[in-house]
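Before I ask anything, let me first share the structure, which is written out below as structure tokens.
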Amino acid sequence: MKIGLLTSGGDCPGLNAVIRGAVLNGIISHDDEFVGFRNGWRGVVEADFEEIVRHDVRGLSKQGGTILGSSRTNPFEGEGGGPENIQRMLDDNGIDAIIAIGGEGTLTAARRLVDEGGINVVGVPKTIDNDLAATDYSFGFDTAVQIATEAIDRLRTTADSHGRCMVVEVMGRHVGWIALHSGMAGGAHAILIPEQPKTIDEICEWVESVVDRGRAPLVVVAEGFTLEGMSEAHSHKGLDAFGRPRLGGIGELLAPMIEERTGIESRETVLGHIQRGGAPSAFDRVLATRLGMAAVSAVHDQAWGQMVSLRGTDIEVVSLQEATGALNHVPASRYDEAKILFG
Amino acid sequence: MKIGLLTSGGDCPGLNAVIRGAVLNGIISHDDEFVGFRNGWRGVVEADFEEIVRHDVRGLSKQGGTILGSSRTNPFEGEGGGPENIQRMLDDNGIDAIIAIGGEGTLTAARRLVDEGGINVVGVPKTIDNDLAATDYSFGFDTAVQIATEAIDRLRTTADSHGRCMVVEVMGRHVGWIALHSGMAGGAHAILIPEQPKTIDEICEWVESVVDRGRAPLVVVAEGFTLEGMSEAHSHKGLDAFGRPRLGGIGELLAPMIEERTGIESRETVLGHIQRGGAPSAFDRVLATRLGMAAVSAVHDQAWGQMVSLRGTDIEVVSLQEATGALNHVPASRYDEAKILFG
Amino acid sequence: MKIGLLTSGGDCPGLNAVIRGAVLNGIISHDDEFVGFRNGWRGVVEADFEEIVRHDVRGLSKQGGTILGSSRTNPFEGEGGGPENIQRMLDDNGIDAIIAIGGEGTLTAARRLVDEGGINVVGVPKTIDNDLAATDYSFGFDTAVQIATEAIDRLRTTADSHGRCMVVEVMGRHVGWIALHSGMAGGAHAILIPEQPKTIDEICEWVESVVDRGRAPLVVVAEGFTLEGMSEAHSHKGLDAFGRPRLGGIGELLAPMIEERTGIESRETVLGHIQRGGAPSAFDRVLATRLGMAAVSAVHDQAWGQMVSLRGTDIEVVSLQEATGALNHVPASRYDEAKILFG
Amino acid sequence: MKIGLLTSGGDCPGLNAVIRGAVLNGIISHDDEFVGFRNGWRGVVEADFEEIVRHDVRGLSKQGGTILGSSRTNPFEGEGGGPENIQRMLDDNGIDAIIAIGGEGTLTAARRLVDEGGINVVGVPKTIDNDLAATDYSFGFDTAVQIATEAIDRLRTTADSHGRCMVVEVMGRHVGWIALHSGMAGGAHAILIPEQPKTIDEICEWVESVVDRGRAPLVVVAEGFTLEGMSEAHSHKGLDAFGRPRLGGIGELLAPMIEERTGIESRETVLGHIQRGGAPSAFDRVLATRLGMAAVSAVHDQAWGQMVSLRGTDIEVVSLQEATGALNHVPASRYDEAKILFG
């Protein structure tokens, strides 16, 4: 078969390992051919692709980023968009199926292409935040947690040396997994996640109890955390140099609030993009490689509208409907467990 | 309750994180007291222990090794050994239960102490090789795989620069999980594990096909791998400087054999102890912390003769009987999957 | 002799290695005794110190932060401040000399204490920015460069995957050494340092030429860099949530300016405190250990008003006057050299 | 000018950064053209080379190994060898000069080619052991020390957990710099280097004094260290599986000897090739880049028979005669300094 690959959405460690796993499995086990669409769905709607041969995936498992490029283009928009145009493009180029590697948006689009247009698409879940419900873990998440944990390890010595409160903002727009795991691993004194809004008073209480025990408080906050009872006036982050509302994060808001209320010197660090680039951890390389290999098997099983996922130690196939139906929130039990360590 | 902790057997990243998780959960959730037995079961049979307070576990999640020390002492031996003596020692010191953190041997001993003596013991599985059947993963394994993978990444550039075959020996006495995962993550051209004996001819064929593709072969071999059809005369590793048979590993044997048969310059690297020491990965810190916390819950549930384990993303409780009955071998399907990448 | 140690100013990887080097050299070579003043000069003016014995410095070379704590207290202020009070405190406690580990401010204060009060002080230079003129390198600098370089490596894959311009703000208030070295090591396409103001037009020209060559631009900017021809109105960073001028950095200012002028999507990452905490690099451990050892030798040589410094591969002694007289600016020749790589 | 580059001898982190620095400086500053000889001098004597353009050195500063390949071929041997043949090959291909990146052997050959044949050669010193006298440090050394130090950090926890003596063998055939620096950085209890032969009794005394202080001994030994008073019979390492004398290292010899004499359980780890492969440290990337750039300047200065070197923080040019005349031994003063920490 001739299979087209695409990577869509934000950078995520392991994308290239998925591509390598898929291409090697296809070439060696099934004598498949591969093309790579450039820049996600944009390459599909613009028929912009190139052949991928075995040599192209050499040494790729440890390489960050994606050799295919990425974009946030929607396959239903533009001149070449929509199921009919896409099917025609595939036919014209003899491409039998698409493996779409992406997050919620990409997988939802993939499902619609299958449902509405009968396009042969198989999905590979990509979410560094680990917010997809139908997989135990997604590649990239382990790497992000490791990077955040190493940063927390470093920040702790500064906190201790100066008796300061350090606030670390990590990724996690809708779910708090990165904050939960890096906070547990780094021994944080407070973990703040989108699923568990807290008042500034609760947070300050935690911070003060840490100082009372003679330690320097370390607060890990997910970017999507919201303060309970926070008025709109305070929730924006001020104006930037051009008078526009700033896009600053919750970390930049929290540190001065904690300092103002407790009198404890507080500093924030926003880890930002360093969590999503660079070489994947060994865990993510193995997971991504296996998902890529399994996606090719799914293509040969004609599992259209399905995606590959991790369950325990096995790679399974689940419907995209199930996968995109609900977010993988941090359950209250897991938060309560972590809270014992700091609460 | 007053709970005694012990760590037994070889060093493993995450031991201290288990101790911290147990102590914090016990103190905060249950108002427990803790003592630590020194040097594994030896501390039990010699009544050698000290109190552990909250301050003692501060910053411990990232620290390698074990603050309690370790040994390979058997609790059924020696003057203070055996269920009766141990029960008396526990009674004398008001210790209500033991949490035993160790591998196959420790957990088997723990089970016998429960079965034969009614001692209150709960187990925490510790196997860097990941060879216990009743848990998806054990702490320490992820760190070992990460260290081995980083070493493989480094060795690859030397192989490529010199057109050499590099043989890397990793841990794995009875099972090949570390070799399988680090080999997949590092893009090895051959992975050799105890579960899958191969002849030297098969190995040399793989090595030569890699050279034919213009690449420098990288072979990952678990220490417990055996060559099929190898005569006794060749399987020992020569004599050391004192005329005794050497304890050298399979890696030291393979590299010269490959060079002799293929004419391709070959070098071995034995990773050895660097795989088992030092700071645990974030994955292992989270897993170890959760296992430690769950072990204390198991104590309060009076789950004697049980151990805590990872299933998917959940911590569960399983019987020690189940846990120590069978080794967690690499299934043939997982080896075949990996072999597609190099075979 | 009885020697008092203090660490002053911001956290810096290697502080504990200096302490260990000093204490071991003093105890083993000279039978010295040591006390540690708590929280920098504050411990001196408040006579707040504790004994340091050999056991206290065990395993300290790799530990970030400072076991003595730090502050920005000035020894000439407060009730116990000034040369007379300090001399009395030293006499009362039988302390023969002070080893002061700190930056420009600390070393200037040390020099005044020697000059004005005849206090026995020897200095150890501590500047993560590498801004002291009388030493080739200062400990902490190598670690900061390494951390910044690893972050740049990671950010590059995201830049490449998305065709974005990434702006990385690193430390360097008055001098651009961290930006220069991490920018060279990471292959930056523009390096912006305090010593070399540039206009936004020059910067955008560099950025656009990189895009013209088909690459994603990566800009490394020192926190102390200033835009040439920038009006006051634009140089503040907007208002925060409380209506106060924001303390945001140059990175947060540059990224939107580049995007606005070039139309190239741009993102900033402010590395901040992760550059100054945590375990020192091997280079910094060796340097810090040697400086600590040499400081004790300088005490026994009664080299008051002097500090230890690195020249080539040798540790030498230079006067604090020389050391604090001028900043160690990046010479134009070094900037021109680096500019060849991106200009 | 048209410049030919070659890399010779063992793998060393930073080789690719030298190539990148040379090529970028040549192309941008001087409009030079570049060719790369394949596999060291073999490419010269066989006229085997390919053009290197700007695109080829993209992203190369962080990449381990050498894109040019390497060998131990001598340019005076073989059909195309010797000054006359080489000059003819250069003339035939319009190549104006050679930049030879290599160690003692390569630089000596380069000097002879200049002296005896008037070939236009400039050298770049490459010695991971840091054994060349005419440069403060050579690239690759810092990376090797960092890797060895991280390994020592890991081994220490295992030593402490089991109360064992750990012996770590690091690189250093003729000089002990890697052992000295990694041993100081890692807090070793004994450092054994080629420049300072010791008897097994002295070593065992150190080891026992460490145990007496309640710690687990960690011994760092350079591969070129020799035991004083060791009879030939004991200095070989036994026979291998084929009855040939084994090439095992000093580490494998020392550990059983220490255990036998002191009764302290001892284990060795031979770091081997992981010290020389993979991504260079930031320090080495900067140094290698600057050396590569300076080599091109030296070519334009017609500094034939010279090599570039680091002096303090400056890159200078020294004669190959000076550079290859003497080894850069660890001075006794540096060993005595380190010995204070453990002796």
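Should a chain be cited, it is by its letter among A, B, C and D, assigned in written order, with residues numbered from 1 in that chain.
Here, contacts are C-beta pairs under 8 Å (C-beta built on N, C-alpha and C of every residue); 3 or more make two chains touch, one makes a residue touch a chain.
The structure presented is a predicted model; accordingly, all values stated were derived computationally and were not measured.
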Mutual neighbours - chains that touch subunit C and subunit D alike: none
Chain whose Cα centroid lies at the greatest distance from that of subunit D: A
Separation of mean Cα positions, subunit B and subunit A [Å, integer]: 30
Centre-of-Cα separation between subunit D and subunit A, whole angstrom: 41
Rounded Å distance between subunit B and subunit D, as computed from the means of their C-alpha atoms: 34
Shared interface positions of subunit A, touching two or more other chains: 153, 156
Arrangement of touching chains [line / ring / star / complete / other]: ring
Subunit C - residues contacting subunit D, complex: 21, 24-25, 28-29, 58-59, 61-62, 136-137, 142, 145-146, 148-149, 153, 156, 181-182, 184-187, 215, 281-283, 285-286, 289-290, 293, 311-313, 337, 340-341, 343
Subunit B residues touching subunit D - in the complex, by the definition given at the top: 7, 10-11, 15, 63-66, 69-71, 147, 150-151, 153-158, 160-163, 166, 234-243, 246, 248, 252-253, 256, 260, 267, 269-274, 276-278
